[in-house]
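Chain naming follows the written order as A, B, C, D, E and F, and within any one chain the residues start at number 1.
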Amino acid sequence: MIKKILLFPFLLFPFFPSPGTHDLPQENSMSIFGLIEYADASPEVRAIYDDIMATRKTDWINNFWKAIAHDPVLLKRTWEDIKQIMAPGALDPLTKEMIYVAVSVSNQCEYCIASHTAAAKKKGMTDAQFKELISVVGMANETNRLVAGYQVEVDERFKIRS
Amino acid sequence: MIKKILLFPFLLFPFFPSPGTHDLPQENSMSIFGLIEYADASPEVRAIYDDIMATRKTDWINNFWKAIAHDPVLLKRTWEDIKQIMAPGALDPLTKEMIYVAVSVSNQCEYCIASHTAAAKKKGMTDAQFKELISVVGMANETNRLVAGYQVEVDERFKIRS
Amino acid sequence: MIKKILLFPFLLFPFFPSPGTHDLPQENSMSIFGLIEYADASPEVRAIYDDIMATRKTDWINNFWKAIAHDPVLLKRTWEDIKQIMAPGALDPLTKEMIYVAVSVSNQCEYCIASHTAAAKKKGMTDAQFKELISVVGMANETNRLVAGYQVEVDERFKIRS
Amino acid sequence: MIKKILLFPFLLFPFFPSPGTHDLPQENSMSIFGLIEYADASPEVRAIYDDIMATRKTDWINNFWKAIAHDPVLLKRTWEDIKQIMAPGALDPLTKEMIYVAVSVSNQCEYCIASHTAAAKKKGMTDAQFKELISVVGMANETNRLVAGYQVEVDERFKIRS
Amino acid sequence: MIKKILLFPFLLFPFFPSPGTHDLPQENSMSIFGLIEYADASPEVRAIYDDIMATRKTDWINNFWKAIAHDPVLLKRTWEDIKQIMAPGALDPLTKEMIYVAVSVSNQCEYCIASHTAAAKKKGMTDAQFKELISVVGMANETNRLVAGYQVEVDERFKIRS
Amino acid sequence: MIKKILLFPFLLFPFFPSPGTHDLPQENSMSIFGLIEYADASPEVRAIYDDIMATRKTDWINNFWKAIAHDPVLLKRTWEDIKQIMAPGALDPLTKEMIYVAVSVSNQCEYCIASHTAAAKKKGMTDAQFKELISVVGMANETNRLVAGYQVEVDERFKIRS
């Protein structure tokens, strides 16, 4: 929303480090407890950060992990769950990432949409795929409510167990 | 929820037609205006029904369409939108169907979960794929709220436009 | 969902009282604490029931009130709020009732959809109005997610204060 | 949220064009693919833009359309659906717009609340009507959950089909 | 919803085992893959079932676990997460269970409301506590939407980091 | 999201009053009708403001109340409801505040998360309690969807009325 004016400070303070090109602590960054940068992390947290970067073949940690690192138990559990769930399996990693985007769009979680859309692109999602994904999410949200409004009951044929 | 006792009436009234094996009108079936069966449909509605069955290579119409057929304009618009959106494109039809299931599970729309899970199976979804799909949906719903609770702001790197 | 077989018991037990034509206690009816019928209500609860029936010009109380009557403070507060909010004002009662249906459909609250659709009909909602209402609710749910997926920022023109 | 400081840049750069008074491209504006301005639009997209402006009797296009114009099929389908659904019918356009606001508030879609509130005002919504609308939306969201918490079952009387 | 007629079959078939008093397989029970009973479970699944019963000091397994047991990886991960999260800590187990109910009511998940309300009662929740819990959940859902409708921005004082 | 640059204006305009340390009107603050400050409030609104500050033992009013004060009937009703609901009872005020946070996180209402987290802290919530609270909210949102995806039906044992 305010992204367009984020450039102004840098026009005024050209010595201010450019965002997105380094991993220095963001002094005023938010999140309820602030963000734990790699340099400030405990060995326990740093080990998770290392595993995240190794698994994702990347050299930085996004804010989500730095924010929940204040609860190392949550950090460890969430990372291990995500690592297990998002690994290649019966579904390929890109399909899983697009499903993640679909849920996040449906829930209107701005952070999650931005981060998982970026992750999906990194895994090969094309613009055309993204567009079709969003169309399906929109349509599903519409028909979910048509069903509710018309009070449609489940067809007997759909009740057959697997 | 009540599916297990649906068999009782048939024990009592063996002459009663078995559900799921025919398309006769369901006399007491619900939905706010009832269901419009093929035999009772106007030519306009019947044309949509025919197109649904031809497109899906099936010989029956599920309750959703029979319920919204009371508003032929809605029926036509919804079918044409779905037909366009769910057609093969940059994403294959199975992936689209699984995204539809993901949204419906996230929204907890019982009818939509049942119908699109059935549709996904028909398009080849294996049990293993379904299980991984649901795991991703569960995880996404969890982290969507962790992000909200910790008030995580979007990383600058995720704000780069496509 | 199970409505179609609700008739069976009456075929079997013709002496069983017909639903919807009396206000006798429903012995096996659910809700976490059961339902408080008028005959069993405290004077405090009965006074609210009387006001509900007088205000709505009806001679029965629907399950919602009978269920929350177990918390008389909640019953009183909720009724007084609803009475104030749903009274004729800048918006007519039918429009308010349709907005109530719109929210309930969007939230997929089966009870609320059924009860407020019935209330809207009593206030004059035609089938044609209901159909257009549901179409708008479906469309709004779709575009709400298109906005999220495409990460659209608010136009400056929309930020002008009233 | 940050709207109050949007004025600062203009204090510093008085030659910067004032927002909301022109339709020049917003260089740094967001949305995942950026916004397609009229001047840069394909004939296909421009035709939709023209129809939007003609139908709405306005001379500008809001960000939603400019954002989804990257998918011309989506742009066309969404516009045609909205045009059909929001046209005068059994419900007047203002009532439809207020229902749209109700759903968007319930879903907490900031963009949709801002844009459809503006649209409703343009169609004649008074401040008093807006206030009553929001009160109903708030109340419906409350009672939707009271129903769930108390596990209230639908009254037989509400199951009567139309 | 249909609970009141669940008694009818037993009137007709008095030899039919009473529900809720045994753990025999429910032949017609639903869930997409059916339920895996203890007797039919693999050693891997049975070990989780044993840990659930030991941890909860109970002698039965509720449907949720029997349903997801078809995905033993999900069963294990979910149980271990729940066991860790719901253990006594800075918050006592009853408070945690009530928070679980609050979220489930807000999301309108019928199963989760029923199961976690039962769990909270087992942990000592009184009827008075339940009633206050539901009132808070209702109110929070209302004001969440008042905030959205009035587009209220966060106070500076609330932005102070912990 | 933009909080980090909120400091820039003060670097540029050191005479500008610091946010969060006074209650002067925020000239450009948002909310659809702006905020009604104490100095500008009608006696009717001022009486509610006084009661809010007296009840909460504080000397300022947060934006939510200033925003809805444009509808004095809503202001009065909402405050009286909140005052009644959040008062000490069978549940202590801190537990109620944490339930409020849980719902707001689940609904992803940024304002409500910020304001009720602040309120909970004022009532004694520790960081450890907050962390456990968010973990429960995340887990509940996950299992709510696992239940939906696996279409789990409610156990008979959970249907026993209180």
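What we mean here is this: a contact is a pair of C-beta atoms (placed from the backbone, for glycine too) under 8 Å apart; a residue touches a chain by one contact, two chains touch by 3 or more.
Keep in mind it's a predicted model, so treat the numbers as computed, not measured.
With steps allowed only between chains in touch, the distance from subunit A over to subunit F comes to 1.
Traced through touching neighbours, the fewest hops from subunit D to subunit E number 1. Interface repeat of A-F: among E-F, D-F or D-E, over half of the contact pairs recur, by residue number, only in D-F. Seen from the C-alpha centroid of subunit A, the farthest chain centroid is that of C. Ranking all chains by how far their C-alpha centres lie from the centre of subunit D, first place goes to E. Subunit B and subunit F have Cα centroids separated by 37 Å. Subunit C and subunit E, compared by their mean Cα positions, are separated by 26 Å.
Computed from the mean C-alpha positions, the centre of subunit B lies at a distance of 27 Å from the centre of subunit D.
Contact with two or more other chains is made by residues 1-3, 5-6, 8, 12, 29-33, 70, 74, 81, 106-110, 114, 117, 127, 131, 133-135, 137, 139, 141-144, 146, 148-151, 153-154, 159, 162 of subunit A. Remark: subunit D residues 30-34, 73, 77, 81, 84, 159, 161-162 touch subunit B in the complex.
Within the complex formed with subunit C, the residues of subunit D that make contact are 3, 19-20, 29-33, 60, 62-64, 67-68, 70, 74, 78, 81-82, 85-86, 89-91, 95-96, 98-100, 102-104, 106-107, 109-112, 114-118, 121, 126-129, 131-133, 135-137, 139-144, 146-160, 162.
Across the complex, subunit E meets subunit B through its residues 1-2, 5-6, 8-9, 12, 26-30, 32-33, 70-71, 74, 107-109.
Those residues of subunit E that touch subunit C in the complex are listed here as 1-5, 7-8, 12, 108, 117, 127, 130-131, 134-135. Those residues of subunit D that touch subunit E in the complex are listed here as 1, 3, 101, 105-106, 108, 110, 113-114, 133-134, 137-139, 141-146, 148-151, 153-154.
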